[in-house]
Structures are given as C-alpha cells and as structure tokens.
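Below are two complexes that have chain A in common, paired first with chain B and then with chain C.
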Partner chain A sequence: MTTDTRTRKRRRRSDWLVALVFLAPLLAIYAVYYLYSIVFLGQTSMQRIGISLLRPVQVGFENFALLATDPVFLGSIVNNLVFAAASIVVALTIAFFIAVALSTGVRGRKLFYLVFLLPALMPLSLVATIFGSMLQERFGILNETLRAVGLGDLAQSWLTTPGLAYTAVILVFCYLIGLPIMYYTADLSALPTSALEAALLDGAGTFRIMTQVIYPMMRTTHITVILALLLGAFRGLEQVLFSTGGGPGDTTEIVGTYVYGYVNSGGKTIGYAAAASIVVLLIGLVISLAQMFATRTKRSAR
Partner chain B sequence: MTTTDLLPPDVEADPGQPRRGTVPSRGEDNPMRAVITSRGDRILVYVLLIAMGLVFAFPLYAMVAKSLQGAGIANYTTLLTQPVAGVNVLTTYLNSFVIGLLHAALVVGIGSMAGYALSKLHFRGRELAFALIILFLAVPGTALLIPVFHITNEADLFNNYLGVALPEAVLTIPFAVLLLRNYGHNLDDSLFEAARMDGAGHFRVFWHIFLPMTRPAIANLLVLCMIWSLQDFLWPSMLFTNPGMTTAAQAVSSFANALGRSAEDFGRYNASLVLLAVPAVLFVLFGLRFIVNGFASGSSKE
Partner chain C sequence: MKFSKRTTAAAAAAGAALLLTGCAGGGGNAAQDGVTTINYWSWDGAPGRDIVEAVIEACEAEHPDIKVNYTELAQTDYKPKAAQSLGAGEEIDVLTVQPGSWAMEVEDYLLPVSDWSNGDLVGKFGEQSITQAERNFTDGLLSAVPVYSTGSAVGVYNADILAELGLEAPTTWDEFKALSDALAAQGKGILPVTMPADDWFQDEMALTFVGQEDPEFFNSVRYDDGSWDSDAYVTGLSNYAAMFENGTFDAATLDMDYTTAMTAFDEGKSAVVFNGSWEAGRILTGNYGVIPVPAETADKASLRAFLDVMLGIPAESTKQEAAATFIDCMSTGAGVDPWATALKGIPAVSDYELPEGTLTTELQQQSYDTLVELISNPASDRNNLGAFSDHVGANVKQVLFGTMTPEEAAKDAQAEFERGTF
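Presenting the complex of A and B:
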C-alpha cells in the first residue's frame, strides 16, 4: 500500500513536467501576445508617440487624464452599452422565439436558418456596408423606394442625421442575432423532455409552453447570451466603421472605432490610443471574470 | 460574430445523454415537436416566422437587387474576370482560406495540447492554470492593436499570412482550451489510465487516444476558425498593405474605395458584396451542424 501511494506520488510529480511540455506552445504564445503586449501597452500609454514607435516623449499619466475628460470616449462606452442592450432585448425575445420555433421541426428549416444565421456568419464589414448602402442618400434602396411611391419628400440623408444614424447602427446590431439563435438552438436540443411532457399533460398551448416552461429552463443560456452580446459589442468595430463611420459628429462612435481611429490617425496619437486600449482591455477582463463567476456558480449547483 | 465572440460551451460527452447542440430534425425522435400543440398555434408560428424571415431577408434582397443595376449580370462577369484596384474577388477567397487554415492549425495544435494537460494530467495548480488561461477569453482585438502592430513589425511578419493568423489564433485559443478541456474532462479516465499502465507514453496517449476521442470538438473548432478568419477585418486591415493579399472581409472596403458613386458603379459594388457573401452561404448550407455544435453553452446534467 505504501509503495502504491509512493508510485502515485512519483507519477504526480512527473506529470508536472509533462504538463509543462504540453502547455509550452500556449505559454510561449501567451507570453508574447498577452503578457508582453500588456507591458508594451503600459509603457506606450505613458508616451507621446506616432505609429512608427520612434522618439517617444514621456508624458506620465497625461494620456489617461485626457481620456477621462474626453466626452467622445465616455460617449463611446455609453454607446457600446446602448447597442449591446438593444441586441440583448432582441436576442432574449425574437431570437429565442426563432430558435424554439425552428427546433420544433417546421418545414423549410434550412431556408429559415439560412436567412437568420447568414448575417452573423458573413463578414461584419459586409453586413454593415449593406445597411449603409441601403440608407445611402442618392442610390440607397430606401430613398429610391420612397421616391418611387411618391413619398420623395420623406427621403432623407439617413446617415448624416444624428438620430437616424444612431437608429441605423442599432438596427445593424439587432440584425446580427445569429449568435444567440445558435446558442439557443444548441441548448434546446438537450432540454429535459420530462418538463415538456408535464406541460403537455396540463394542456398548455404553444406560447404558454414557450414563455412559462421553456423560457425559465434556459436561464443559463440567457446569461451566456447576455454576456456574449455585451462582449460582442465591446469587440465591435465593423458594425459602426462600415455603416456610419462613427459619425455624424462622433455620435455613433464605439470603443472599437475610437481606438481604431486613433491608431490609424497618422499623428502622434499612439500613446493616447494605448491608454484607451488599456481601458478596453480592462472591460474585457471584467466580462471574462463575470463569465467565469457565472460558470462557477453553475458548477457548484450541479 | 467576430473572432470568438462566443463564451464557454460546456460540452457533455456522456454517451447516455442526447448529443447536445444538434440541429433539430423533423423526425419522431425530436421531443420539441410536441411544443406545437394545435393547428392554430402551428399557423401562427409559421406566420410569425415568415414575417420575421422577410424582414431579415430584405437587406440581402436589397443587395442582390442593387447588384443587377446598370449592366445587369455583366456586373458579376466583369468582377470575376477583371481585378478592381488590383484586387481579384476569387483571390480574396483564397487569401481568407489560407489564413483560415493557418489559424485553425495553430488553434487546434496549441489548444488540444493544452486541453490534454488541463483535463488528463494531474498536477498541482491545474485549476488555477486553467482559470488564468481562460481569463483572456473576452479580450477585444482592438485592445491589442498597438502591441500586435509592434510585434508584427519586430518579427517582420507584415504582408505575411502567418502575421494575421497568429493574432487571430491568440484570440481564439482561450476559447479552444475551454472547449477541449471541458470535452476532455467528460471523457472516461479509465481508458487513459489503462493505456498508461500498458506503458504508453503521454505523447502516444495524446496522439492515439485523446485526439481521436475529441474529434467532434476539433471539427467544430476547425469550422469556426475558418469562419472567423473569413470575417476578420481588423488584422488584415492593419497588417496587410499588399493588394494581392486582400482578404474577403477587407475587400469590402477596397471595393468601396475603388468603385465610384455613379449608378453603374453602385451596381457593380453591390455585385461585389454578393460575391463576398458566397462563402458564408456555403458555410450555412454545409457546415451548420459544426457551427451549432460549437455553441452549446448548457451546463446542467439533470
């Protein structure tokens, strides 16, 4: 028995080295692209410097001070939250309904999946461009349709009027609900059937089963969907860059376009963009932690 | 859905459980069929689905309708035969495809090795290591823009497929580790222990047992990596300057800049958008199962 525990102990110790070997490629790539990146961001955020990264001027925390007082940056965080909220509302209602309805094995499923999921699987630059192009002033289909039916007076410059441009970006975000549909579809297939059978015996109708039986049972999926969409918004770039470009007058800016804009401005704005990147990174890590916390409570509940 | 917008799936591999995340069928074995309880409800579900489908299909329809404006079908033939601003549509597919393969190879290689270590090897601090690795699950790509630009410069990887595949893989690896670790976690230990008793080394066990048994999860990862590379605009736009390397997502902006704003050009521009959407259509038609499988987020076993 003592030899048994000893061999097991020895095996455990040797596992440590083996594990290190198996984790080595990951550790190498993490060391360069995450750890070094974070150190580099920290350094750069204290400098005034261009994209060539030559001849830095040390400025201390000036970039962070500027960032904290820039209404456009704060506005972009608010916009991220608003766009995420809009897509979450649509996901928890319409995407849920679509996923359940398609799970019941309706006819023409393949076509429906194609229509609802395609936008989320195409390049986002493409989807946002389609919206931008539909709303385009001269040849956009919306204004053309309005003119064709004699409502030419209603034709607008949709993308240059603040309120309308804002709505357009919200529509782009709401259009991309393929992801939540996929989450719901995947989890619905593992739904315990006993609860469904009980509801059927009660004689509940389709919509009552959906809202009062299935909806509460998908709690974990709802949380996953909410966090994924929140994250998606903070990872967003193309949704805005290719529809309104952040305009008019920065009103539709999100953090993605904000950082991207300063990185590509061509001026000595890289230090400032690095400071903004650090804030974005911290937001990402907080969302990660929220997700890990959600999974943990889930696991202990098991 | 940009690169790894999604959050943890907790894949179950219990043979006794229904396979999580399968695409619904019309067969008798689909318990969700019971949700539709009456003829009236069925009609209402169809009406709602069709109405939503029409709304979602409209932007796609608008794009196709616009693409025939001007020269009609010739818009397509000229795009397929003549490059626009040095960019050929078919080449962009190829570029995205090559990057996708590199991206997938990096993710599956590094992710499966780490997944094996974190699920089948025993060492102290394993759970902590796992938590630290997936902490980076929600890092937005824009936050790493400046350091990755710098690293790519130092490594001389500008205008190199690997230069783009690496940061894409870096952002996907936390997700891959989560997927493969959870999948491995649910595989029965006894087979692995028996192989070890028989004197098989860890690399043999990894290669001959772990990899074959995690094949479904690896298949999901492969398809998702291809899709994310196809969608990625951020990294190619920052790291490629050679028009010959333009990817499909990037081509959206190249074509927007090159094709003017006359009515004919607008038609050709929309035709280019339709062509750039084709790979995504193929993914939905032939890879839907793999995509949905990768999204199972459910947790509970009860």
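Presenting the complex of A and C:
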C-alpha cells in the first residue's frame, strides 16, 4: 500500500467521523421520535388495546384483516385519492397560471400573494369550520345570500346531500392552493431566461410562452407539487373533520377522520387505529418512493 | 483540572441542596403549613370551570387543610390525554372518570373505593347510582364514586313561542305536528326543533325513539346478547324518520353542529331544542321548560340515562386522603350545591334536595320534576360505546336522508357490532 493510498484512507475515515459527529444529534432525534414511533405503531397494530395501553391482547394480523374488509376504510382511501387528484388538477392549472401571472410584475402582486397564500397559512381547522358554517342549509351565509337576492330556489342542503357535500370538501382542498403557488414562484425565478428570450424573438405570444415553454420547463416542480399534494391529502384531517365530519354517512370520510374516530373512541380501538395508520404509512412510503424515482437525476444527465 | 477541598465541599453542598429542593418541588408530597395541595383533572363539561371553581371554594372553606389545583381539558381531548397522562405518571390526585368504556380503560390506574380512607362514603349514594357505577368496572369492582346522572335525549322548549301560538308543550307526535304546522302558518321562520346533527347525537335520538318501542332494547344489546337487527330498532328508527318525512321536524337541523343548534334555540329561532339533560340548566335563564322527546302517546315517553360524571383517585397519588376528602365534599357535601343548582345532573347522593330559591317559577319546578322523573326511570342505560355510536349515528342520518332503509341500518349496526373493532 502506498503512502498516498494510506493518507486517502485516513482522510476518508476522518471525513466519516466528522460527518457522523454532525449527524449524531439528528440521528438520535430520528431514532427517538421516528424509529421508536414506527416500531411502537407496528407493535400496537398487532394488539387489541385501548388508549391507556394496558392489558394488551396479541391478535396478530387480525386488525389488518378487519381493515381490509371494511368498506368505509377502503372508501376513505379512495376519497383521499379523489380529493388529492382534484387539488392537483387545480394546482397544475390555476395555481401555475397565478404564479406565472404574479411573477410578471403585475401591479399589487404582493396583495395578490397575500390573498392566495393566506388560506394556506391559516389553521386548516379554522378554514374548514368557516366553510362548514357558510354552507349550512338554514343559517349558512351562502343560502341566506341566495334567499336575500331572490334566488332562494338555488339554496341547497350543501352538507347533507352526498354529491354536494363531496363537492364542498373538494372545494376546501382546492381552496388551499397557496402551497403550489409558492413552489412555482420559487422555481420560476430560477428558470433560464435565454429560452424565454428566444421564444419572444420567435414571436411567441404570452399564452404560448406560458403553456409551451415555461410549463414543460417546470417538470420537476410539477412532480414536486403532485407528490406534495398527494402526501398532504393522506395527512389531511381538519379539512373534513371541521366541514362535513366525514358525512353524510361516510361519503366524505378520509383516512385521517377514520383514524381519529377510533383513537377518540375510548374503547379497545387503539390497535385498530394503529393498523390503519400503518396502512397509510405504507401508502405514503410508496408515494415517496415514486417521488424519488420521478425526480431522480439520470446518470447520463449528470 | 484540580479543585480545592473547599470548592469540592461547596459544590457537594450545592448539589445536595439542589437534590433536596428538587425532590420537594417535584413530589409535592409533604403538606406545607398543614395544607395539602391536590391536583384535580376534569373535562370542560363536567361540570365546567365556572362551576368547579365554586365547588373548590366551597370545599376549601369546609376543609381549610386542602387546596385544589384544577386542570380542565376539552372534552374531545380528555380521554386520550388523561389516559396517557396517567400512564406517564402525571401527578393527578382526583380524576373525573367518564362512564362507559373509558372507565374500564383507566381502571388499572385507579385506587378501588374500598381502599379509600373514607371508603364508607359509598353508603351515601342511591342504589341505582352505585349499581350503574359498578357496571363501569371489571367484575363490578368500584374504582370511582358516582357524582351525577344525566339523560338523553330530552327537549327544552321556549314557553314564550308556544304561548304566542296558544299551544301547550307538546309531548305526543300529533301535538308536535300541530306545533310545526302552527309555526309554518305563523310565517316567522321559526323552526319547530333544532338539535345537534353530530353522529353520536343522532344515535341518541334514534335510541330514544327505539326506547319508546322497547325500553329494554339498549340494555339487551349492551349487556346481553340482544341484536341491533331487531323489530324494535327498525320500528323506532322508522318512527324517528317519519317525523322528518311528515314535516313534524325540519330537516334543516340535520347539518347543524352542537353550537349552532343551541344558539339557534337561544336566539329564539327554534321552539324546541333536543339535547342531553346537561343542557337543561337553560330553564333557569329564560322562560323555558323541559319536555321528553315526543312519543305516540305521552305515557311512552322516555330517555336513556346513566351516570355522567364519576370521581376516582389514581393509585399513584401521594395525597389519597386529601383527595378522598375532596371527592366526598364534591359528591355528597358542600360541593354538591354549585353543580346541582346549575342543573348539570341529578345528584347520585341519596335524598338530595335543591336549596330553597333555586327554582323560582312553577315552570322551572315542573321541568325539574320532569327531569328527575325521566332520569330516575330510564328506558335503558346511556352507556355508549364511543366510535360505535358515531357509526350507528351516521347510519341514522342516512335513513333520515333517504339513502338507507331502517332495515339496512339495523343490519349494518349489528354487523359492525359483531366485527370486533369495539
């Protein structure tokens, strides 16, 4: 072994040590708050146990089997996907358009940013509660307004008619487009201007530049937005809990409200809720892997 | 680095002092100046901070050697937070125990009443209350004492609205229909009834109607091998749905949350509000009266009732004697009046009578008598099963919206009951 090789090895070992020292606090936090939680969740999901965590009864995979046969749980996963899909469509179209429009230096853009970002910065429980109260049949401001302007026939039972309640929840999800606007705004500033200048010199109009130049150039941002919204939908709770409560029936139930109901039950339902959480965790993991795969830098592109 | 002997001694002394003061501060075991401070945990409706403060004042006056620190949690958070706090060794000396499955969930943390320094206080309570309290614990081992009972569902009516229409308080379906028709004819937009549309409360309403058909229904499915998929349940649920179908009740109430339903009534926008008897204190604040949920004939009217609040002592508490004294005061002594006079519930202590001057009108007296009569003679226990009530209540609403039949709801409830998640 030459001296150079030995020196390189020593340096590499030293680099590892330094890296480990810097990473140690984070790894410790990760071990305590994430690994322990996941192990605890996995262990609990195999038990019949209540919130006091006393007297656990080992039930193997029974909780998962019960979940697999519960149409409400399966329906709640579908609802999560639908609500996520709706918010993604809105993000990829309206949020993108707003972000581009605001980046052109339009007058009063700070005010517009505030208007669009504020809902995303407010507590979701507040936003959903306000939506819910606005849509109440008798005393909700929407129906009251319709009646006041002589359009009482259009007043509906927004929260108790399945289709309308479903639409209302979709609106709540879509209303929170501040996050995608932020993503787009941040990445727009990093776009190479040469392509835009070339398009302008070629005589391309604003709409064409937006749809055929900027939009394709922001592929990685689109992917980030899609996956962030998809993951966000599975972490959602307040949007539904404080607007429709998952109703009417189980129409707007999402996994968040489903798990919440069992956690607060007071009985031996914590193992079941943990099993549902594991399933959601696995779905989130699959989405994250998809994100890593979709946004990976190809070897040839390095 | 070397330290001098003096420095070492000073450091050791400081360390010892810190250790000692730390122990004293953290444990809080020793009574200071002869006063023992105890920590009392409850949720916001049992019976609520304003009333609890009056209870504490009364009990501290009666027992000057006890000081009470009160911690109040939101009702929605209480079950998980209190259970986890007990497990984490939080210093809790008096714990409000919610009857139902949660009581059994925390029973291992509680000191059996027979081990309390004043365990004989059990003899001060009515027989029904003790029997119900024992039902909350494994093998009937009493681990908390009853404080008061409530019932559900019950109606509070606005006597002024009824008087304006020239109607008596409705107790039958026909009388209630007459009220709804009269309100519609009046054209002021007053709803005949508001009530929380929350799933759990719709379960309560349906079970109240079922109890009119078969008073034993709920106890049979809760304690024995009765089935939800029964004629009594289907008929009761059908009767409830018929109230909306024939316009006796207005479906506009079916998207109202708890607060909206109560506020609408308080603002005179509805003639009657259905809720639990814990809301009956309103009769002291206005010209309001209490009625049972209407039945086909008045003699069939009933509700389900059960203990609403129990008090226990965590086995880990280091101040069990003071805790037991406070509980005795709150459940049978000077601490009863503050919550009993607010009509939070019917006291579990035997032979309690409201102090003179609590009920100042004939309507209030009549309403209180109605409450006592209903809660003392319930159709079944209101010993609900947490999330299961939400599931059944969601089905009830589907029946009311016409997207499910009562038969389907009954079958689904039984299937869910048998599934094993509760």
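Note that in this section the second predicted complex is superposed on the first by the 288 of 302 C-alpha atoms of A that agree within 3 Å, B and C clash if a C-alpha of one lies under 4 Å from a C-alpha of the other, contacts with A are read in each partner's own complex, and residues count from 1 in each chain.
Everything that follows uses one rule, which is that a residue touches a chain if its C-beta (ideal position, glycine included) is under 8 Å from a C-beta of that chain, and two chains touch if they have at least 3 such contacts.
All figures in this text were calculated on a predicted structure; none of them were measured in a lab.
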Original post:
Regarding the shared-chain residue A:Pro248, is it in contact with chain B (first), chain C (second), both, or neither?
Top reply: second
Original post:
First (chain B), second (chain C), both or neither: which does A:Ala198 touch?
Top reply: neither
**OP:** In the overlay, answer first, second, both or neither for which of chain B and chain C A:Val89 touches.
**Re:** neither
Original post:
In the superposed arrangement, which partner chain does A:Pro25 touch: chain B (first), chain C (second), both, or neither?
Top reply: first
**OP:** Please indicate which partner A:Leu54 is in contact with in the superposed arrangement: first for chain B, second for chain C, both, or neither.
**Re:** second
**OP:** May I ask you to decide whether A:Pro162 touches chain B, chain C, both, or neither, giving the answer as first, second, both or neither?
**Re:** second
**OP:** Please work out whether A:Ser265 is in contact with chain B alone, chain C alone, both, or neither, and reply first, second, both or neither.
**Re:** second
Original post:
Among the partners chain B and chain C, which is in contact with a greater number of residues of chain A?
Top reply: B
**OP:** Have a look at where A:Ser133 lands relative to chain B and chain C in the superposition and call it first, second, both or neither.
**Re:** both
Original post:
So, does A:Ala274 touch the first partner chain B, the second partner chain C, both, or neither?
Top reply: first
**OP:** Take the contacts of chain A with chain B and those with chain C, and give the residues found in both.
**Re:** 51, 53, 133, 138-139, 263
Subject >> Contact set on chain A toward chain C in their complex >> reply: 50-55, 62, 66, 70, 132-133, 135-139, 157-162, 245-250, 261-269, 272
Subject >> chain A contact footprint on chain C (complex, rising order) >> reply: 76, 79-80, 83-84, 86-87, 98, 100-102, 105-106, 108-109, 191, 197-199, 250-257, 260, 264, 269, 385-388, 390, 394-395, 397-398, 401, 403-404, 419-422
Subject >> Residues of chain B that touch chain A when the two form their complex >> reply: 1-3, 5-10, 12, 17-27, 30-38, 41-42, 44-46, 48-49, 52-53, 56-57, 59-60, 62-63, 65-66, 69, 106, 109-111, 113-114, 116-118, 121-124, 126, 129, 131, 133-151, 153, 166-167, 169-170, 173, 177, 202, 206, 227, 230-234, 238, 248-250, 252-253, 256, 261, 263, 266, 269-270, 273, 276-277, 280-281, 283-285, 288, 291-293, 295-302
Subject >> Complex interface listing, chain A residues touching chain B >> reply: 11-12, 15-16, 18-19, 22-23, 25-26, 29-30, 32-34, 36-38, 40-41, 44, 51, 53, 94, 97-98, 100-107, 109-127, 129-131, 133-134, 138-139, 141, 175-176, 178-179, 182-183, 185-193, 196-197, 200, 203-207, 209-210, 214, 220-221, 224, 227-228, 231-232, 234-238, 242, 255-256, 259-260, 263, 270, 273-274, 277-278, 280-281, 283-285, 287-289, 291-292, 295, 298-299, 301-302
